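The following block contains the structure, expressed as structure tokens.
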Amino acid sequence: MTTVTVWNEYRVEKEDEEAREVYPDGIHEAIADFLRDEGFDAQTATIDEPEHGLTDEVLDETGVLTWWGHEAHEEVEDEVVERVRQRVLEGMGLLVLHSGHFSKIFKRLMGTTCDLKWREEGEKERLWTVEPGHPIAEGIPESIEVPEAEMYGERFDVPAPDALVFTSWFEGGEVFRSGCCYRRGAGRIFYFRPGHETYPIYHQPEIQKVLANAVEWAEDIGSTPPSFGNAPKPPEGI
Amino acid sequence: MTTVTVWNEYRVEKEDEEAREVYPDGIHEAIADFLRDEGFDAQTATIDEPEHGLTDEVLDETGVLTWWGHEAHEEVEDEVVERVRQRVLEGMGLLVLHSGHFSKIFKRLMGTTCDLKWREEGEKERLWTVEPGHPIAEGIPESIEVPEAEMYGERFDVPAPDALVFTSWFEGGEVFRSGCCYRRGAGRIFYFRPGHETYPIYHQPEIQKVLANAVEWAEDIGSTPPSFGNAPKPPEGI
Amino acid sequence: MTTVTVWNEYRVEKEDEEAREVYPDGIHEAIADFLRDEGFDAQTATIDEPEHGLTDEVLDETGVLTWWGHEAHEEVEDEVVERVRQRVLEGMGLLVLHSGHFSKIFKRLMGTTCDLKWREEGEKERLWTVEPGHPIAEGIPESIEVPEAEMYGERFDVPAPDALVFTSWFEGGEVFRSGCCYRRGAGRIFYFRPGHETYPIYHQPEIQKVLANAVEWAEDIGSTPPSFGNAPKPPEGI
Amino acid sequence: MTTVTVWNEYRVEKEDEEAREVYPDGIHEAIADFLRDEGFDAQTATIDEPEHGLTDEVLDETGVLTWWGHEAHEEVEDEVVERVRQRVLEGMGLLVLHSGHFSKIFKRLMGTTCDLKWREEGEKERLWTVEPGHPIAEGIPESIEVPEAEMYGERFDVPAPDALVFTSWFEGGEVFRSGCCYRRGAGRIFYFRPGHETYPIYHQPEIQKVLANAVEWAEDIGSTPPSFGNAPKPPEGI
């Protein structure tokens, strides 16, 4: 059974009443809850815990890490970012959620700015499944409607994904590559756009199903670590 | 200088008054015209010519072939389809336009159904440049607005493109991967969604610029043909 | 539990003594055997059965089909090829083995010639795992050595794979993309190079492990079929 | 005309007699020379110049930057690395050569370790053209033989390339993805394996031709910069 560590900045839900109403125990608890319902072993970690809750011990038992951050990206210690990056390259899965596109860890793994357009007007969003045969789309309808969302629009400055599973349509006229799969080192990364601190998007069953699928897809399979460096001559000589 | 052969079914423009008004000499002449203005050597071919105008002699001098068809896909002879396919695999570029998604040649090269959703309501379309650094996007703005278009919606049943350059937004709520690059054999293929027989889309300067860029990108570079079959032992022995 | 249908031409093992010694009950029985040992429900089908053993009933219960053919590719009925292709596009997995690169079904799904170089000299082959984090590489060492193999060399005329898992080195000086993943429609396809009728390659445990992993990776997940064709106006109007 | 800036660490050629004999004026001058012969405007920059020779003024006029480094990667200032990275994301081409795989700039853009296996035994290398239709392979034979090379072997810990153009075979039994194309931001990156400070590999005409092709492929096309950040409501309202 995969152990998921649900990481959350956990600031806005303490400061902002509207956010607290939607996610009274924080976004992390909402996500951990439905993952537990799907049968995963889920724990949480937040920015204000020592080492942001991401000690070696925690990461040792983490198969998949999910990441939600928004206003405090710069407060995440570089040392912890590097520790997480090493784990991903060694095989740990990483799910980057919504405004996590601007987290240090995502930018570090992508190598690009990860910038985009945005607008907060409570617009309708429709996510279209462009790759219905992908495991992350299992059981997902042709399109998911999010009644009110913050718009994210292209150009999304990321490397072209290894697989593009969802593309979003927004009422105001934009599109966005909303479900992007990457492999980096031995690890798998899924960026998933929907989610916000005041819209109840993580309470939508289809969104929860996508995330549960993504956890399963991203889980560390314990692959054989390659050997690097000086390679001895093969015994039979050259 | 690349020679472009602009292929057109050329039926609807003869039968339908509305189409004739928009493209009095056929869609092929409209396309050939602006390609000539961009400096290409463009000739045309249509379905009712002998061998559909695609004889060996014509293909011998063709660096890039563009394909527009709609209602008569099934009338294109398999022998000609196979001839064109061989040329693409040997290095000839192929631009598949709008309803050409259902042509025999595109379906044959893709291996999939190439099916999609459609609706004719004269909806607004906005093409977003998702890969601004791609040569096909050179000089193209962040988005192109097509005032009235036939909607094409996902799922578009094609292999994931090697590069996705444009994604369309439609007024009615759909999205579409509108600019898809593929390499097959030594040839390059670009599927470009915009275009229709009664909307004057091929008269839009930005659409013309995309197609001119695509011709340049797809042109046959005369690559070294690989040798296939039984490979002799290397001289030094095994 | 995935049901695997192991398809084999099953000609050379009846005609050639050397092949019969290595695979006394045919290559299909050897493959089905180790897949059963891995816990899969495996059945077989061969070219000389009615409809080549690939009736609608058989395909209805098939999650993954494996394909080995060599000298009788042209005898496979187009109708059966088309039936299999439809199933793949709807979600059935397909594993194409060794000389199956020239099967009608693989060429039809790829759209290219699928040609390559070859040499039968019993050369040493080393498969390097270039993507150790891929599920097909789970439990596979950094490299697999095949003591005696038929050489297949690049250029392998296929579309660039969605993921490249293994690359082969050959004693005589060639390389080959030996483990290639594709998604077509809702189905997943894995081409795996090793295998031959007279070298006991399918008896090697690492080769068996790769194929078992590939069956698991390719299995039909029962994805939501997209709707195609005329899409009604959304209820809220355009 | 593209301006190429050829960057070189330029240490080993001053310290090591063997290297000095092969590249008396440094690797950078050898590369700049043959690029000039191919019609490019080439200038050079080295690590011991102020700002490593990569001032804003130099980068302003650089369409493509080539990078060779080996023992002093860590001496390259982070500020200069970040400056170069920004330029690549804005459209400047980058060619990373041989041991440049471990440069800060390549690791930063890839997000992975970029580690590999190596062995210095003067082994024979054969580069196979796996994508003969790619512009970088124009005029290149099916395979290029390098008589004596340092071996680089898989697993090469980089993201899967957007296009894989060459794969190397080594006498001692390894393979390597030797020609890897990436797009990052608006810029194009090509990693090319061959090259060494004491083997005269950059004097080989086929190797020079690959690099000249790569310069042409990678050159900055002056693409439209996307706008990022808060996007105003479209005029027609939402």
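Labels A, B, C and D are assigned to the chains in the order they are written; within every chain, residues are numbered from 1.
Following the convention adopted for this analysis, a contact is a pair of C-beta atoms (placed from the backbone, for glycine too) under 8 Å apart; a residue touches a chain by one contact, two chains touch by 3 or more.
What you see is a predicted model, and the numbers here were worked out from it, not measured in a lab.
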Chains in simultaneous contact with chain A and chain B: C, D
Between C-D and A-D, the pair with more C-beta contacts: A-D
Chain located farthest away, centre of chain C as origin (C-alpha): D
Type of chain B:chain C copy interface by residue overlap (half), same or different: same
Computed distance of Cα centres, chain D from chain A, in Å: 32
Inter-centroid spacing, chain D versus chain C (mean Cα positions, whole Å): 36
Multi-chain contact sites of chain B, meaning residues that touch two or more partners: 129, 131-132, 142, 153-155, 160, 162-163, 173-174, 183, 185, 226-227
Interfacial residue positions of chain B with respect to chain A in the complex: 126, 128-132, 142, 153-156, 160, 163-164, 167-170, 173-175, 177
List of chain B residues in touch with chain D within their complex: 91, 129, 131-135, 137-142, 162-163, 183, 185-188, 221-227
Chain B-touching residues of chain C, taken from the complex the two chains share: 85, 89, 108-113, 115-119, 121, 123, 151, 153-155, 157, 159-160, 162, 171-174, 182-185, 226-234, 238
